[in-house]
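In what follows, chain A forms one complex with chain B and a second complex with chain C.
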Partner chain A sequence: MTAFTVVTAGSAPGLPVPATPKQVPHRGGEANPSAEALRAKFGGAILRVEVVWGETNVIVAMDRALEIIRWLHDDPSQSYEYLSDVTAVEFRDSTLPIEVIWHLRSIKHRRFLRLKGMIATGQPLAAPSVYDIYKGADWLERECYDMFGIVFEGHPDLRRILLWEQYAEGFPLRKDFPLRGRFSRAEQLRQALAANPEARYSMEELSVADAYAELPQDMRARIKGGESTGE
Partner chain B sequence: MATKRTVEVELSTTGIGADGRPQRVPLVAGGDGGVALQAPPGIEPDLEGEHMLINIGPQHPATHGVLRLVLELDGETVVRCIPHIGYLHCGFEKIGEYRQYNQIIPWTDRDDYLNCVGNNIAFAMGAEKLFGIEITPRCTVLRVIGMELSRIISHLVWMGTTCIDIGAYTPFLWSFQERENVYNLFEGWVGARLTTSASRVGGMAADIPDGWLDGLKAFVRSFPKTLDECDRVVTKNGIWVGRTVGIGVMSPEEALNYGLSGPMLRASGVDYDVRKDFPYLDYETYDFEVPVGVHGDVYDRYLVRMEEMRQSVRIVEQAIARLPDGPVNVDDPRVILPPKHKATSEMESMIHHFKNVMEGPRPAPGEAYVAVEAPKGEKGYYMVSDGSAKPVRWRIRPPSFVNLSAIPKMVEGHLLSDVIAINASIDIVMGEIDR
Partner chain C sequence: MGLIDAPTPSVVSVDPAHSEGWVATRLDFLVNWGRANSLWPMPFGTACCAIEFMASAASKFDLARFGMERMGFSPRQADVLICAGRVPFKLAPVLRRIWQQMPQPKWAISMGACASTGGMFDNYAVVQGIDTIIPVDVYVPGCPPRPEALIHAIMMLQKKVMKETMSSTPREEMVPDPTSQLYIPPSRIDTLSQAFGNSIPQTRSGQ
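On to the complex of A and B.
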């Protein structure tokens, strides 16, 4: 096949051949060099660096997280061009803060970095959105909002993604959310039966420009007549 | 807002470009005997600039599951695409917080149900990281075999269903026949075909039975022939090329920025493969190549997946040759049950068995993110332990979820029929997207 180029492990210049990690200690070990660079660059905004099972955690001040991630993405000595994941962790011990987690990868330097921002108990659940830096954060942040209720400030379209937009029971991955849901089975069934399935197909909800005039006559009449779109 | 548009009729045939790659060659109108490419101005229809909304799915075979796409069309061209997902959501991650580590493994079957063994192994690798366990050499090689076989069957399903979407039926039958052979192998290994639950923390559910390797060798011999047949039928087929070349193009920068992974990313020319860049299971010691595309379109994604299957066969061949003897499970009483005959005859073993099953093994507090190169891309399992037998948080990083999030970008400006080809090229599994 002429259409392919061949990649060989360790071919990147100046980098050691990567190998499967063996005998990884629980705590300690060699930290990702980016952690030291972050300390030098941002000083006090880097609250803590720890190495757990060979992965480097950098705990950053939430109000400077966006700036830090932007630098990690843009700076050629770091070039974390790939966002693996955005997620959050809430502990069973409710006095511990909720952690917002960014898993970043530098493909160029073959590095993996975990950034953490902490939301202390009682603080508003908010984190900066990295959508401007990584388009891939779009759905990941929406899912995190859907499951935890964390508001990603600056996200252009933050709404529920896996659950439906009228979902009223709260945020399922929070620890105060019971495994079977807040509502009884009977109430869940009642709501499901009472929902207007047409609403999920309503064009009004899609907010398509100029679409209202193009709706079929009967549908326009129904929306004008006050038929709700499932709210 | 009425706009007037011309109707462009592109008549094309298939040719071979300078780089040896099939491409569409437009039929140019030349002289008297040429083909009229544009309708004469007199009969040009005066189209109103009305946009139409159409809804594909969630119950449509071409959406490969319960995906719903709302498309705003200008004529037949897609102006906007709004994907709706979540129809299969059942809260895997929440349920995982109420299960011991070994009890989560059956749930990993059900997230990406075309790559069950791969998911089982990836999850077990994550849990072993939390426990600080090094698996045995035999287990490492068996896991590589399992991972590559599941890559092959996942790509086979992808190829079969995509061929059906685009209008070919025969490769579907051929690929599903080969897939059946792999499922027979899995059945012989762990007793289940689709939902295998093949791994355990610290090892596998079972060692391979006697004679199993002969079946695997027979598959490894016969499978490349089927692949060549599909290659001959599809790769330079005029309809296939016309439907896929230049469709849904993502540049390398866009592909990285959108977080694409796996064949989607490599078709765009980014040489990121977890097996090469962040190796696990000793992948660095296997001799295989990673196909990287150039154009980032549906056709290159097809080429990349075809080549990946060939490379997987190479890896399996090497794994068969090096499979060492020895135990499959680690000798670690924290996670491994005592032999059944001892558990039913010795008091200590019975207590050990009881405590392991009822209370479950407890890893030290900490967290681990394990990413593997799944057929769809970078599949990550992130788990956080607070020292109890159940994880505080179990996160699945689903590759097809992130890949699918780029679909509005990819289909924009393409024809409605191309949406089907682009959606097929992403290789989505809704079980993994909705979880």
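On to the complex of A and C.
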């Protein structure tokens, strides 16, 4: 069990009263103070800092991203307690790198920070998993893997979440993925109907021992390891 | 009911002196009249069409006027499957399983553009019309259809039910494919489900 500490919003001293920002410039403006702190702490691992529409993007070296996020979470002067999103962007221009994006929020300091890690063309699609820091990253990283095929190294259970596990057509949000999928409609329907709903939807009704042979590989491994199917 | 025209008018002469109430009619008509006016829907709502379906069932439009008083959220106690909304491929085996679980006679209404054709979702994830999975009796156009459109579809279905005859070929159930993972042999069904019935034990598989 994890012990949680209660954080009151804006509990850090000396914070301005929140107000809706007005006339925010597209580029430039005041950066999030965390960006400067990151520069001081990690130096060369912080590749670029840009302020877009009043929000700070910090482009970090992928191999140190985990270390940076852990520091942002743990350090009392930063205390980014909340991971609001993990996602990725691929551009239509295939020479541009694929970006893996973490949205961090500090409730205590009322700060929002966007971290970006770049995966250059030709590099393996891999990023560090922040599951150890934020348990909420579990499904976010699974969705990102499902849609882009980015492997989050260190994730305990990385498998498809929106599409079914036998889905063989690829990763739908990649730019080289055709809108209607790769297979014919008939083949897509045949594969979909061949799925066994019980293996996914009512494990409690069937005895697990009965359904065991039809379960996906990873689920069999988990049950074998003593994990219960119920919550 | 006033909503449904009897297929053929029959003339019955009644002698008022003999006030024993009896009436002569065709058995087909009587059975169909009963079925058409007590269609129990099984809502399969996946998207915004289901909101319109709820509006149809609520007090303003009141599907209960059409004998659809009871919403069956169990396919075993339902006559009409109303598929309201888009069906992704992941849900396709579930929808078909639900259809196979409904007892005969049964009908299906495909409500809205997405359920009927895939609608605007001509993409990798959405079934292009549920008639590729189950047989559909009435298609309702609209995105989403207004409750009046659904009610019109239900009245069309009632007319269709009224035209059925007992001698006509029964609706073909989809032949179970033993190679499909959806197939459960009858012996397996009886192992999984308990026998029911008071004095005479009956089985779910019917064998």
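Quick notes on this structure:
The rule we apply is simple: the second predicted complex is superposed on the first by the 179 of 231 C-alpha atoms of A that agree within 3 Å, B and C clash if a C-alpha of one lies under 4 Å from a C-alpha of the other, contacts with A are read in each partner's own complex, and residues count from 1 in each chain.
Here is the rule we use: a residue touches a chain if its C-beta (ideal position, glycine included) is under 8 Å from a C-beta of that chain, and two chains touch if they have at least 3 such contacts.
Please read these numbers as outputs of a predicted model, since none were measured by experiment.
Of the two partner chains placed by the overlay, chain B and chain C both lie in contact with A:164. By the touch criterion defined above, A:193 reaches chain C but does not reach chain B. By the document's definition of touching, of the two partners only chain B reaches A:19; chain C does not.
Contacts of A:185 after superposition: chain C is touched, whereas chain B is not reached. Legend: residue contacts after superposition of the two complexes on their common chain; A:134 is shown touching chain B, with no touch to chain C.
Contact comparison for chain A: of chain B and chain C, B touches the greater number of residues. Annotation: chain A residues 162-164, 172, 177, 179, 201, 206, 210, 214 touch chain B in one complex and chain C in the other.
Interface of chain C with chain A (complex): residues 89-90, 92-94, 96-97, 122-125, 127-128, 132-133, 180-182, 192. For chain A in complex with chain C, the touching residues are 162-164, 169, 172, 177-181, 185, 188-189, 191-197, 201, 206, 210, 214. Taken in their complex, chain A has these residues touching chain B: 1-10, 17-20, 22-24, 26-27, 52-53, 55, 57, 81-85, 87, 89-93, 101, 103, 107, 110, 112, 114, 134-140, 143, 147, 161-164, 172-173, 177, 179, 201, 203, 206, 208, 210-211, 214. Residue ranges on chain B touching chain A, taken from their complex, read 1, 19-21, 50-53, 55, 70, 72, 80, 82, 85-86, 89, 91, 93-95, 98, 129-130, 132, 134, 254, 256-260, 270-273, 276-284, 289-294, 300, 303-304, 307, 364, 366-369, 371, 378, 380, 382, 384, 386, 388, 392-393, 395, 397, 401-402, 404-406, 409, 434-435.
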